[in-house]
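Two complexes, one shared chain (subunit A), two partners (subunit B, subunit C).
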Partner chain A sequence: MLLWQILIDGFAISSLYALGATGFTLIFGVSGVLNLSHGSLMVAAAVAAWALGASFGGSYVGAIFGALVALLLSVVTYFLVVRPLQQTKRIREEEKEIFILTATLLWGIMIQEAIAYLFTNNAKTVLPIVGGVVTIAGVRTPANEIFTAAICWLAIGALWLLVNRTQVGKTVLAASMNPRGVTLLGVELSIVYIAVWAIYGILAGIAGVLLGMFLGVSSYSAGPLTASAFSIVVLGGLGSVSGSLIAAYVVGYLETLTAYLASPAYRTIPALLLLVVVMYIRPRGLLGRR
Partner chain B sequence: MLLRILRSPAIWIALIVVIIAATLPLYVSGYVLGLLTIAYYFGVFSMAWDLLFGFANEVNFGPTFLIGLGAYTAGILDNLYQPPIWVCVLAGTSAAVVGGVILALPALRLRGPYFGLTTLVAVLMLQNFVVVAAGLTGGEIGLTVPDVLSIDDKVNYWIALGFMAISGAALYGLSRSPVGLILQASGQDPVQAAALGFNVTKHKLAAFIVSAFFSGLAGALMVFYLGAASVGTFIDVTVGVQVIIGAVIGGRRTILGAAIGAIFLIAMGETLRPLGDLATFIVSAMALVVVLLFPSGFVGMIARRREAT
Partner chain C sequence: MAEFSTFCRHASKFTGVSSVALALTVNAPARAEDQGVLKIGVIAEAQAVAGSSIPSAAQLAADEINAKGGIDGRKIEIVSYDNHSSSAESVRAFQRAVNEDHVNAVIASYVSEVVLALEPWAGRLKTVMITPGAASDVITQNIAKDYEHNKYTFHGYLTSGALSGLVCDAAKDMLVDGLKMKTAVIMSEDAAWTTPLDAGYMQCLPKIGLQVLDHIRFSPDTTDFTPIFNNIESKKPDVIITGVSHVGVQPTVQWKSQEVPIPMFGIASQATNSTFWKDTNGATEGVLYQGVSGPGVAVTEKTLPFVDSFQKKFGNFPSYAGYTAYDDVYIIADAFHRAGSADSDKLVTAMEATDYIGTIGRVQFLPKDDPHVHGLKTGKGLITGLFLQWQNGAQVNLWPAELAKGKIAFPSFIKVKASLN
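This part shows the complex of A and B:
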């Protein structure tokens, strides 16, 4: 009974982590940017879905609006924060990474504070799209939890198809391997980057809205969300999507196990310990590429 | 070497500013003094961070790990046994240095973002520990310390100012010394620095120890100024972010700029406080503008203008 409960709950939360981390690792793989405003983007999507859902009563409309807000914010992040730093000549090439980290961090705080100012700090729960409860193996599970896991996997599957089966995806893949080569083939690199940031925005938006339905969000969640995406991605190996997926499940189940068996207060500790151990034994993460 | 430092105008300007700052208690209110006292401790935090960021080229996302270790060790010791304050401060500083070495030894094998994440995780673990071991640390409510440095605002202010001035001089001197130059070389091009026969890891470790020493010392002193320690004032990631922003907007690789940036940040935050949540928004936006348009910070801008003329 408890085992099934942990398995089901853990699966839903892990799928959510997986979706959140996929976008994060995609951006790193293609443009080498660790976007520390990731959590704020997710929270913005959830709050947008909540605000529109509350005023119009349509949870579908709210959810789509939330994902669109994240898409817009993500593209703005690229143009306003990341691109100027990538192109400036005043910062030395090897120091840009540090500046982009700092700038996206600041940008994330700005989004977070703007949300807190406009919509207060209170936790918000987005209206679930699917209502009701189903019983699986004797565990009463909200239907929306299953819906969450399904949407996460659909989105990840769609991303996989996009990257591996379409022209756009192949260009993106090529750009992540050899930007110069792609430019020589006549592809405008900025368009590739805009496309990647847009895809990333939608993924983060979906993850944010689903998280808002599942656990609820407040502007305080932004920091921890960024930190968890960051640790999952590093645990799996930066730039490795399959590594991130595995790491998301490891972290998700570890947290659920701890929450059920020990205490919700200790929820994050085992995952952090595991991360430290992996860092020391395999500094490149589980499936990191050299 | 010493002569060269004495001849640089920065040190003389800094000296004059410190002397003027020392006379402030004669004509400003206790409120402003209290604010500046905190700002000076943050100045030390930022300067210690700049040594790692600007010179060793390592992003330490966990300055508050070192600060928190110093603050809480000193606070807990005082709470349990009430030894003289200097014993507590010494213990706090040593704890920060030991913690820094434990963190840095394995972490320095890692590069860039991996190093950053490890330091961030260290902060989260310390935070979890403080909350879980509430019996010892006061948990989320915080720890009250029976002793304080002084009950007089002015004395507290002078202690903080003096401490910042001495730390600033020490860190600035170190950064301009041959060791500082080797450190800078190790940060910018580790391979070449190693090829020239310098032990890169040893220098970075030394930088981490120095940074931990000043962070821990400042944290321990600040506990005895505030008379209390809490996660929100010493360990939380947002405190670390503030230290980082201060150093970045003040000017990377300038040490003294970091202190200016941190003081500016605290003063700005307080001035804008009536705006509530908007205050943090405005401060972050200003910091972002500085990062985007003037990546070398306040002091870097002035230095460049002087070079240009």
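This part shows the complex of A and C:
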């Protein structure tokens, strides 16, 4: 009984982590940016979905609105925070990464504080699109958890199709491998980057809205969400999407096992310990390229 | 040589000017205290739903008093500080309030950790401080331990010990006598205020006929309550007795989405907020919680007029700490008036003699030799609190019987063993 509970609960949370981490690693792989405002984007999406859903009483509208808000914020992040620093001549090339990292961190804090100021730091939950419970192997599970896992995998699947089967996606993949080469083919790199940040925004938005439906978020959640995405992506290997997916499930299940068998208070510890061990033994992560 | 004499001239002028300035500053505070504006500092968590009502309600009270001419001709000024839910920031705010802004008294916070951090400072800086919302018994126990140093602190809300007693009183009437319940699991967040609360629960629940099957304390950072509810469900209690304040939305929403078939009853301070229905998208239906106020419930003749004025001025209903913050301004003002001076020691003596009908009941403080000195007196005719349930988007008062406005009702996924009559 408990085993099934852990399996199902762990699957839902791991799928959420996977979706968030996929976006995070995509941005790093293509744009070279470790976006530390990741958690804030997710929270912004969830809070936007809650705010609209509450006024209009419709969960679909709220969810779509939330994803759109994240998309908008993500593109704004690129134009306002990342691109000016990438293009400036006043910072040395070697130092740009640190500047961008710090800038995204500050930007994330600004978003977090704005949310707390406008909506209070109380937790918000998004009205689930799918309500009620189902019974799987004798375990009473909210139908919403199944829905969450399904949507996460649909989104990841859509991303895979995009990257491997469409022109836009293949260009993005090429740009991640060799930006110079792509420009020689006549592709406008800036369009590629905007496309990537837009895709990232949608992914983070969906993940944020789903998290809002599943567990709820507050302005305080932003930091831990970024940290969790960061550790999953590093564990899986920076830039490797499949690595992130595997790592997301490893971390998700480790957390769930700890919460059920030890205590929810110690939930995050084993994953962090694992990260330390992997960094020691295999610094490039499970499937990392660099 | 010339430079030296110039220097001497400047030096003597400087000494002359500074000694006059020194004389003025030494005398100035004493004069300012007994004349001019009376300043009340308000340190609160402005970004939290419960905390945001504190400065607003205080301002409302000050405006009302000033409109009637102030206290003995002196106006009241509210000086607000947002402590961002941090004890360290609260201490800095307190120091600034007293040393730079020269406040005469402070209304501080609804978080026990913050008030406990400020208590020694109220003693060091000899400034009267009252909390409108914290609950830990340790606040008053510290005053009993070292009265001379800590007497400046007043506990303007119910202590956790008192709260647990009130929950047990209501549980006896509603759950044991009304629904024939026999077993309970205590579920509370791991925070300063719940240690005495849980101790109180462990003591009084068996006495009213509820066997405690388990006692679960979870970290306030918890976001996924599934394992906790799973664990509780496996023990099969009739009711979950709660002690939550820092969390509220997430456990309530997850309780509903997992359709945990056990009702929740106890202290859930976020459930007292009128925005809680919207925050949880209605998942709070059926949650039973202790409160000091409820919509349409005239606890005293001052309750509903206050709610009306607050709603008109700020566009939303006050949180529980708003009621007490409003009363606290009146209590402090009344103490100023009776003391005839803003001297802190005289103010303490005047506060101790408080007998004021506020919005949540009749306020009197426990005397010097009581183990909870400067805490609120509770009981019939003083402050008893209410017990409410969220039903169809509204907070309905169910206890005590003479103030009840409805009957207990549960959502369909709750399995209550006895029949409801």
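We take it that the second predicted complex is superposed on the first by the 290 of 290 C-alpha atoms of A that agree within 3 Å, B and C clash if a C-alpha of one lies under 4 Å from a C-alpha of the other, contacts with A are read in each partner's own complex, and residues count from 1 in each chain.
We take it that a contact is a pair of C-beta atoms (placed from the backbone, for glycine too) under 8 Å apart; a residue touches a chain by one contact, two chains touch by 3 or more.
Since this is a predicted model, take the numbers as computed values, not measurements.
**Student:** Between subunit B and subunit C, positioned on subunit A by superposition, is the outcome a clash or a fit?
**Tutor:** Because the two structures are overlaid on the shared chain, the partners are seen to fit without clashing.
**Student:** Which chain, subunit B or subunit C, ends up touching more residues of subunit A in the combined arrangement?
**Tutor:** B
**Student:** Which of the two partners, first being subunit B and second being subunit C, lies in contact with A:A259: first, second, both, or neither?
**Tutor:** second
**Student:** Applying the touch criterion given at the start, work out whether A:T25 contacts subunit B, subunit C, both or neither, answering first, second, both or neither.
**Tutor:** In the superposition, A:T25 contacts neither subunit B nor subunit C.
**Student:** Regarding the shared-chain residue A:I109, is it in contact with subunit B (first), subunit C (second), both, or neither?
**Tutor:** So A:I109 only meets subunit B here.
**Student:** Which partner does A:L127 contact after superposing on A: first (subunit B), second (subunit C), both, neither?
**Tutor:** The answer is second: A:L127 touches subunit C but not subunit B.
**Student:** To the nearest 10 degrees, what angle do the lines from the C-alpha centre of subunit A to those of subunit B and subunit C enclose?
**Tutor:** Vertex subunit A, arms to subunit B and subunit C: 60 degrees.
**Student:** Figure out whether A:T77 sits in contact with subunit B (first) or subunit C (second), or with both, or with neither.
**Tutor:** neither
**Student:** Can A:Y117 be said to touch subunit B (first), subunit C (second), both, or neither?
**Tutor:** both
**Student:** So in the superposed three-chain picture, is A:A227 touching just subunit B, just subunit C, both, or none of them (first/second/both/neither)?
**Tutor:** First partner only, subunit B.
**Student:** What is the minimum C-alpha distance, in Å, between subunit B and subunit C after the two complexes are superposed on chain A?
**Tutor:** Superposed on chain A, the two chains' closest C-alpha atoms are separated by 5 Å.
**Student:** Subunit A residues touched by both subunit B and subunit C?
**Tutor:** Residues common to the subunit A contacts of subunit C and of subunit B are 116-117, 121, 265, listed in rising order.
**Student:** Would you pull the subunit A residues touching subunit B in the complex into a rising list?
**Tutor:** 34, 81, 84-85, 88, 90-91, 94-95, 97-99, 101-103, 105-107, 109-110, 113-114, 116-117, 121, 223, 227, 230-231, 234, 238, 265-266, 268-269, 272-273, 275-276, 279-280, 283-284
**Student:** Spell out the part of subunit B that touches subunit A in their complex, as residue ranges.
**Tutor:** My answer: residues 53, 57, 59, 106-107, 109-114, 116-118, 120-121, 124-125, 128, 131-132, 188, 237-238, 241, 244-245, 248, 276-278, 280-281, 284-285, 287-288, 291-292, 295-296.
**Student:** In the complex formed with subunit C, which residues of subunit A make contact?
**Tutor:** Contacts found on subunit A: 2, 5, 9, 13, 50, 53-54, 116-117, 120-128, 131-133, 140, 142, 144, 215-216, 218, 221, 259-260, 264-265, 267.
**Student:** Can you check the complex and tell me which residues of subunit C touch subunit A?
**Tutor:** Its residues touching subunit A are 47-49, 52, 85, 190, 218-219, 221-228, 230, 247-250, 253-254, 257-259, 270, 278-281, 283.
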